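Two complexes are shown next, each including chain A; its partner changes from chain B in the first to chain C in the second.
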Partner chain A sequence: MPRKKPKLLDNRGGLRHHLNPSYPRARWTAERWAFILHRLTGIFLAVYLLAHIFVTSRVAQGQGAWEAIMSSIESNPLGVVGEWILWGVIVFHGLNGIRLVLAEALGIGVGDPRKLKVPPEPESVYGKQRALLWIFVVLGFIAWIVGGIILFGEAGWL
Partner chain B sequence: MKESTVQLIQYLTAALLVALLAYHVLQHTPVLEEGYRVSLEYENVVKHYANERTVLALLLYAALFHGLNGLRAILLEVLPSSAGKAATILLILIGIAAAYFGTLTIVEVA
Partner chain C sequence: MAQGAQRVRFKVKRYDPETGRVWWQEYDVEVYKGMTVLDALRKIRADSDPTLVLRFSCRMGVCGSCGMVINGAPRLACQTQVEHLGTDMVVVEPLPNFPVLRDLVVDMEDFFAKHRLIKPYLIRRDVEEQENPTLEYLMSPDEHQLIKRYTYCIQCGLCVAACPVSAIDPEYLGPQALAQAYRFITDVRDEGYAERIEVVDNEHGCWRCHFADSCSVVCPKGVDPGQAIQLLRKTIFKYRLRLFRKKASPVAPPLKAERRPGIPEPPPRTVQPEEAQEA
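== the complex of A and B ==
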């Protein structure tokens, strides 16, 4: 009986492949969660950057324009919570970005490649970079909490 | 420009942004300022622009390249190649407009 031909991975699968957890046939590793979160936080930050450029441009229009837009953010409880969420997004994307630069660009902390098998398993991800990922998750969480204490403290909520 | 060169710049801007953003965030914390809200008062913001215009300009260009090129990488994966090229052109135009707008703010305030 002929062996079943393994399905080739298409790297241009479209949006449905991002939404389908069974494709590509890889396990839901910590790196995969980090990859998805890195993309989501990256999209969020790219959109925020454009909004940030627009908001900060108000300072060029004088004190009145600046204070009007700042008070609209500071007086809104959602504005304070939004700043805290933004801080968490920055911390995650930044720390995971450091891991990615080390692992992808410099090859630091990546395990040695092993003999290929079907379905392929990404043994090369099980290097020290995985420990770094969890260290950064813990450090990031601490930084997020500290940021929350500062933000909520200054808003008079603590 | 070769895609490998673009990706190399993506990594370089990532490393640069870690340093610049850490400094940028610290300037709004009690570590370098009196506090977050105080650092956002008009006088302090204007002073910040006047003293840090080079850092702010570098931060603006690095963040725009890194952010918009990251979006482009995602769009190239999920869109067909013809739409991917259109997305690249659109993101370049958005980047140029945002860089102009941001630079104008830095120059005017500083």
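== the complex of A and C ==
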């Protein structure tokens, strides 16, 4: 008689694990944070793209319509802060994207499999891509602050 | 944690397939220095609750049976000492991203099926030589070093349990299978890289990975699947641009090594080969 298949409990982590930076609670992984931020900023940019197309399509209705919608964004404090947040999102997504292209398509900075320590350590975590991530985080933060100074200066807040 | 005998509370997630009930059960265990979580769970089974079900075999991190989530991280129960966790409450759960059979035992059928999918064996064009070998496939120590790290994999499933992509995509091959695919693609003795690339080069294969590197962090053997998947992508990238060239190692007699001066000959065999065959 064939053995009866027991009823299995579905234990897939789902989005709860997918977007949780504190899981797994092993060693702190900057790459996991970068992945989650990259994903969230990517969704943000996809939504922004729709708004961007909507705003720039005003150009088709003439100079008056374009200037009206641009001034309505620039005069609104929420619009200015939104542009600043948008700039931060673009900087992070772009710079982290460069790191991912280097690591994923060209295998740069993920370590050499031949350099095996005893006991073995994960080379990709200590590789140059981690250093590159921190360099990009610092550069991106500076660019974000500088962008904020320019944006708020134009709005006359500084 | 203080020295000497101390009681630690174990909170275990349990599942009964007959009734479908899921609940948390707590046990107090007296721990000693050097006690692993596996020892504690076995003590619970022996002393207080024989219905607690778990899977284990070697007790020394070789078989990869006792993977479970301990205090929020996938670990091998036999390699985790209660003292090193440093908490008075140890939370034990079955591995996520695997269906649970009962209590802490997960169903790894799908995991092994994915491992089988990437053809985890040497593929040679000359099947006759492979089936009835006359000589050896040469491999230098440097060439072995390329794959050595990945051969440490014990298939415990911790990387899949930690992976953010396996958490949402049931069809994703998973870090373990992809690392093994890379291990065989780079193996100089292997000629089946084109077949394996066909298996992993799709949206549920290596391109689904987001390089969160959680797999590498939780791996108890330092296999670094995160690195393997990135290098696998690099290989496929080159392969699709027709830049990937691989020459399999030749079939050759074993390399003759000269005995270094001053090293004595081994003593004569106590059992002759003919005698051993007769026995």
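In the analysis below, the second predicted complex is superposed on the first by the 119 of 158 C-alpha atoms of A that agree within 3 Å, B and C clash if a C-alpha of one lies under 4 Å from a C-alpha of the other, contacts with A are read in each partner's own complex, and residues count from 1 in each chain.
Methods note: a contact is a pair of C-beta atoms (placed from the backbone, for glycine too) under 8 Å apart; a residue touches a chain by one contact, two chains touch by 3 or more.
On a predicted model such as this, the values are computed, not experimentally measured, just so you know.
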Using the touch definition from the top, say if A:E154 reaches chain B (first), chain C (second), both or neither.
first
Touching A:P113, do we find chain B (first), chain C (second), both, or neither?
second
So, does A:G79 touch the first partner chain B, the second partner chain C, both, or neither?
neither
Between chain B and chain C, whom does A:I43 touch in the aligned arrangement: first, second, both, or neither?
first
Answer with first, second, both or neither: which of chain B and chain C does A:A103 touch in the superposed model?
second
Quick check for you: in the superposed arrangement, does A:E31 touch first (chain B), second (chain C), both or neither?
second
Report for A:G94: first if it touches chain B alone, second if chain C alone, otherwise both or neither.
first
In the superposed arrangement, does A:W66 touch chain B (first), chain C (second), both or neither?
first
Once the two complexes are aligned on chain A, which partner has more residues of chain A within touching range, chain B or chain C?
C
Does any part of chain A touch chain B in one structure and chain C in the other, and if so which residues?
11-12, 14-15, 18, 39, 100, 104-105
Considering only the defined contacts, which chain B positions touch chain A in the complex?
8, 11, 14-15, 17-18, 21-22, 25, 29-30, 35-37, 40, 42, 45-46, 49, 60, 63-64, 67-68, 70-71, 74, 77-78, 80-81, 94, 98, 101-102, 104-105, 108-109
Provide the residue numbers of chain A that touch chain B in the complex, in ascending order.
11-12, 14-15, 18, 39, 42-43, 45-46, 49-50, 53-54, 56-57, 59-60, 63, 66-67, 70, 74, 90, 94, 97-98, 100-101, 104-105, 150-151, 154
Per the touch rule, the chain A residues reaching chain C in their complex are 6-19, 22-27, 29, 31-32, 34-36, 38-39, 100, 103-107, 110-111, 113-114, 116-117, 119-125, 127
Going by the contact rule set out above, which residues of chain C touch chain A in the complex?
15, 17-18, 20, 22, 69, 71-75, 94-102, 106-107, 142, 145-150, 152, 161-162, 164-168, 170, 209-214, 216-219, 221-224, 226-228, 230-231, 233-234, 237
